[in-house]
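What follows is a set of structures for review.
Across the two complexes that follow, chain A remains constant while its partner is chain B and subsequently chain C.
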Partner chain A sequence: MADSGETGGPVKKDGIQQAKTEGKELTKEEKQRLRKEKKQQKKSKEKKDEKASQESEKEKKPVSSASPASQPPTQPITPKAPSAVPTLVPVPASETPAPADKPAKSKAEMKAERRARQEAERASKQGKKGEVGQQAAPGKPKAPPSELQPVVKRLPEHVQVDNPEVLKKLAKKLERQQTPEYNAATKVKIPLRSDYGYKVSLFSHLHQYSRKAPLTQQLSIPSTVIHPAIVRLGLQYSQGIVAGSNARSVALLHAFKQVIRDYTTPPNEELSRDLVNKLKPYISFLNQCRPLSASMGNAIKYIKKEISNIPSQCKEEEAKSKLLNCIDRYIDEKINLAAKAIAKSSIEKISDGDVILVYGCSSLVNHILCEAFEKNRKFRVIVVDSRPRLEGREALRRLVQRGISCTYVLISAVSYILPEVSKVFLGAHALLANGYVMSRVGTSQIALVAKAFNVPVLVCCETYKFCERVQTDSFVSNELDDPDDLIVTRKGKTQLEHWQEVPSLGLLNLVYDVTPPDFVDLVITDLGMIPCTSVPVVLRVKNVDQ
Partner chain B sequence: MPGPDKETDLTERIEAFLSDLKRGGSGTGPLRGSAETARETTALLRRITAQARWSSAGDLMEIIRKEGRRMTAAQPSETTVGNMIRRVLKIIREEYARSRGSSEETDQQESLHKLLTSGGLSEENFRQHFAALKANVIEAINELLTELEGTTDNIAMQALEHIHSNEVIMTIGRSRTVESFLKDAARKRKFHVIVAECAPFCQGHKMATSLSEAGIETTVIADAAIFAVMSRVNKVIIGTQTVLANGGLRAVNGTHTLALAAKHHSTPLIVCAPMFKLSPQVRRLTNEPDFYNFCEILSKVNVHCPVFDYVPPELITLFISNIGGHAPSYIYRLMSELYHPEDHEL
Partner chain C sequence: INKKFFFFFLVEYFRAQMMKDPDMASAVAAIRTLLEFLKRDKGETILGLRESLTWATDCLTGVDSSVAVSSGGELFLRFISLTSLEHQDLSRCKKVMEERGELFLEKISMSRTKVAKLCHTFIKDGAKILTHSYSRVVLRVMEKAAAEKKRFSVYVTESQPDSAGRQMAEALRKLNVPVTVVLDAAVGYVLEKVDLVIVGAEGVVESGGIINKIGTYQMALCSKAHNKPFYVVAESFKFVRLYPLNQQDVPDKFKYKADTLKTVQNLSEEHPMIDYTPPSLITLLFTDLGVLTPSAVSDELIKLYL
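Here is the complex of A and B:
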């Protein structure tokens, strides 16, 4: 974000806005943020003198009669300070994000001030606050941030569509999210995508967009705010050209590599801080095009961590090449090598004469089957497909090209075909911390029917898709696809063509659903074969490693 | 001459009916609903009774059996034809027994006691000639026809007993019975219906448009989302193609998945089926689905597109028929009232 001097106005509000952005993208990385914060506090102490002018502006915001020095002066950092403060005072935290939105907003701002003040005082007292591992939810739009317990993570915006205040905030935030352009006169903003069509009441808290109205139509030209690679990526996401968890993550990482290559550090800025800020509007844009997936979220966290870990004395070229290497390594390790490891374990599970059922198009499962076929296992595959995406056809194409004998059915025929099946291999979009598998809609159905017929269900998932969220049903957090996709012409008649005109008719096109862990027999990951319930253990191990 | 003319006329009608049946099956889906098929079959049987040459009940039954075999062979998946034939055969037996005397009237069933004591029940060969038999049989068939015409309304009348307000009801595909059931309830209660579209033919779309035109809040979902939304559903109400002798169903494909999902969430599964769908068959282990080549992707791929699913009786909570509601365990009893055991195999 630009220097606060330029944006002027309620700097405080900016801070909160940013805090929200911060929290939105880094909700899970408590320790990382604290570490960053510590580092920045240290840095800020060194640079105190340089930023004297900026400090005075910051002083406006949270009443810092206290040592402004301790306030990390540069803007991106400032909001972090109040936000990431591990609990200090009994902030009257109503932990629940749900209630008290608007009346609490002004309270939230006041609390933010208070908090910032306290943070300044505390930071001045001691250099290090221990790794409390507490994450106060930064100024959430809805609730007064909770300082005491980290239990309440911030509720992402994309599941609060039914709250108009949240939408207003998002709109304002997108407005302000400009890349630190040197010429702040070009207030090009990231457009806010509007919902389309009648939403089923059960899902009124989610967005529903139309594919025919891509976000890029609302972008003004020239869009200096957003890097063209990102615009292209966003368009590919929203039109469904790039689809699938792995594909989206890899595409994202490649686009970020391009961004990093084209990046130059503006004067008086540090690469580690500035680049992160530059990425924020891109991420918001991509989020608007299509909500981020869990794997993408993890990848973004990793990149941000890497960027902020770059030491300040590193030269720009060096830093950039370092980052590019990091990204390459991430892709290599987490996706390619993981796929190889998973394929190796899975091939042990495939025996000759097996009839394997797969659903939709999972790149990992396809990879496994092709590998197994190359190792001369004799098996045949049944591909189950479902409307309206009909991704199974793509999987079918790939498998048949390799020479694997395949059968194709629609999901409604699965109970007809299941008696022939010996194993079911499913891919996952994310594995949640309570053991539930989040995957393409229809996966839970297949697991259910397979369980009823006593057929083992194996889920294949890389560890970078493990996610700390918990969810028990497919309603609270999901994605609604374009409802027009359900329309189809049969026998020359299109029944649902004019569904918008009929007031009591709604079309529901869900994208994901969650499978309870008792339907899944085994999860094959690059760390080995684990039961579904061991996912939080893996997460913990990963966190400790980091 | 009235005789040969009537006969040729009759055979023409039978042929027309048979070709209709054949066409209805081999096209892109059933051209007519089961109710119409049942009605037409019964009407045709009445005509056969009226116009064919027969002297005793046994002859009539033979003729009907022969025609019946041809009809069921024309379209094996349309079981209502066979059901109606068996009903009419049972009617003939009853009328015959009534004409003969009242001894077997009260209990036509084979009970163990009867088998021991009388022994010769099945020697009945229906050879006696009764003048009034024809008229009686035709009258009884007329009653059957009236019953058939009123089935949908009878079922719909029970709707308010089963649907409370603000419910979320799920259904699959398109069933005229369920449609009128829900529309009837919608006159007095407000509720929400979720329709699974039932690919590949997507009959659910037509159901949804017609329900929403009646003012019912309807949502169309893809088949893949059935389990995902099931947790918010209060009741599942479906129609079926056939009710089997063990209380199981032969219904449109996807119903088994729906039933399993309902069982998992302990949601009651209610089947609206008029009595003429009750069939004395049990599930044939070699399931004969109808193969419809729906998508031609590559020639190296097998494509399966079964039209029907078998749903075992354990997954069903209630049957609603024109004579009231029954548990699946009671179906065998109903069947023995409708059909004579000797007619189970035509």
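Here is the complex of A and C:
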């Protein structure tokens, strides 16, 4: 009974969903239909209802989602349709006077269904939008929120790792992301990377991968879906060979250039649409190797925009060379020239006799210090480093090679050396819309201690790293690195070697943290020197420009 | 030869303006001078015109080294060039720029009135106000408040080394406002009695902080410790593209009087005339662009300068 009610549903649900997205009020007809379905579900037994409806949803999903693989335009409607029902159903449920426990039960089952559908919707949407990673609360609630209906909030997959349904949806999505091959035998799926080791409960919603099991080992040969340049890039990311947000973005853009060069438009397809679809599995693959950074996200958005703006009458060669030029220009403007502009502004802030503290290895900060040294400013540098990455050693090497006098300490000694310091220069991974600075773990600690000693903290960041996200703590969205990195061998003894066998022991290797704007005195960007609270102004100005 | 003549002309005109109307801000006098200079300039190109205006501003900064003069000059230049200068004829372009210049001057002469209108509502009946040194904007605010029949009393710091505070006290007595002159060192002592602190500013910097007569930073720190609101009143032409990180970071050319800079060899023995108050100590800024929080200043600056 429930089945029959729902199989009749899809077409009508389209109509309802469309009405909802247009924000119009439901017609009487549609409301009646919903009430009917609701009653039918109430009539059947509770548990059978749940199972039956959930199974029928899941059946419907692969059916409805397999078909849109070849019809991208219809894709938005069918996955949305199943979600329309559970969001709408609670409205009549509360309207109709029903016995107290029955609406409660059906609300619970509705919630479970709704969750599952949300996941499917989002999973397919993620592929479409290409926003892999950083959008925590993508803003547009599709349904006009009535006071009885909660606004549908979608969390990205990468912060719902402890939810098994989400993982199932992701696996399905990765399976689906294949370019349509004529020979079915060569269809290859993008493997789903599995988590490694015990995760600390506060961070169990994030992925934790092991470096010893790179994703590339799970790829079968020949991997016709993924371009070799991308496979190489993914391996470089997951092994940490390419690290640092600028380096990663530049490597990504170069790999995409290679992809574009080797691309040929299949017959009956438009370059502007097909190339974007081609890039989606690559982006999912890279995301599995190592979660994308904010700068990479912005670069990908830019490329997708450029590709979709290619006019359809443009010849393939011309279009490709145009795209390659765009990418080159992006790298030039946003990274190289921005570094020059930032160096110029920062040199004004470095005076003779300064003692500058830097943390870790930021390519931009190193560039600034080298430029200032060339302009004959007299200063010395204190490099602060931390385990397990020990990136400060790389920074130390680069600075000493130029002839700058440096001191090297570990982060535990930072309150000891801070009385000597006159300024702190920090790099950033991303600047969030509420003024928070996301950077390597340990940065917020340094900013905090510097504030306590009244030492000015300057953050250097290019504008392409500004992102629209808002975050106030480091828990919600972060990256967990390989926990085995924390194991250290001293005097032949490795204490933590068998950490997995101790049930109450967890190793936590965080990668990023956020620093509040009260601790940052100045942000130097290619647009000039701004206070940390003016980041939304820059984002606004940038959006107006585009 | 040309430059020398213009230099003397600038200086004389500027001084004459200052003497004619002692109530006028030095930046306004500077802008009047620049406008006159523009009218008389015989440049052939727009770029040349701009360069000579920049040079003129530098000359004036040499006479009166306050922050406002340099910021006013720069804003003037930006305002007049903000229009389309696509005309073929240079004289037409110049005419357009002169008209814009007059418009700018008109706008800023109204700015003090606008500020006073915004600020006087924050002075409640029976309030006790603390202020620092002699500021014409603060005076105008108090005039407005007195005109609104509010009863308030004022504590003014003496503000050494030039005792400008006494001048302020005289002006306030003429308005029949009860005023007491206190020592600079007595700010902490008197703060428990006052309800709010209002100061003027010589310059408002990008971070939202202010540059003002020496002693302002101390007053701001004490009022923060006592949890008293610290208000700043400033016209918009005082917004300047500086970003000091601390007291040391303020350029020397603003810290000392122009004559001191020219004559004295070792500046470290001279006492600075201004200090920098960071934005974390300021509650609100009253400007002719509206009532702003310190973080909104950067927003306004971006709008003004970009």
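Observations
Keep this in mind: the second predicted complex is superposed on the first by the 385 of 546 C-alpha atoms of A that agree within 3 Å, B and C clash if a C-alpha of one lies under 4 Å from a C-alpha of the other, contacts with A are read in each partner's own complex, and residues count from 1 in each chain.
Everything below uses one rule, namely that contacts are C-beta pairs under 8 Å (C-beta built on N, C-alpha and C of every residue); 3 or more make two chains touch, one makes a residue touch a chain.
Because the structure is a prediction, the values reported are computed rather than measured.
Overlaying the two complexes via chain A leaves chain B and chain C side by side, clear of any clash.
Within the superposed three-chain arrangement, the count of touched residues of chain A is higher for B, of the candidates chain B and chain C. Using the contact criterion defined above for the overlaid structures, shared-chain residue A:P388 touches chain B, although it does not reach chain C. In the superposed pair of complexes, A:L522 makes contact with chain C only, with no contact to chain B. In the superposition on chain A, A:P531 makes contact with chain C only, while chain B stays out of contact range. With both structures placed on the common chain, the touch criterion links A:N509 to chain B but leaves chain C unconnected.
Legend: residue contacts after superposition of the two complexes on their common chain; A:F475 is shown touching chain B, with no touch to chain C. When the shared chain is aligned, no partner comes close enough to touch A:I356: not chain B, not chain C.
Of the two partner chains, chain B is the only one that A:V488 touches; chain C does not reach it.
In the composite built from the two structures, the nearest CA pair linking chain B and chain C is 17 Å apart. In the three-chain superposition model, chain A touches chain B and chain C at no common residue. Contact residues of chain A toward chain B in the complex are 200, 202, 386-388, 393, 396-397, 400, 405-417, 440-442, 444-445, 448-449, 452, 473-475, 486, 488, 490-491, 495-496, 499, 502-510, 513-514. Residues 28, 194, 197-202, 205-206, 208-209, 212-213, 215-229, 231-232, 253-254, 256-257, 260-261, 264, 287, 289, 295, 297-298, 300-306, 309 of chain B are the ones touching chain A in the complex. Residues 349, 351, 423, 456, 458, 518, 521-522, 529-531, 533-534, 537, 541 of chain A touch chain C in their complex. On the side of chain C, the complex with chain A involves touching residues 206-208, 243, 245-246, 248-249, 279-280, 295, 298-299, 302, 306.
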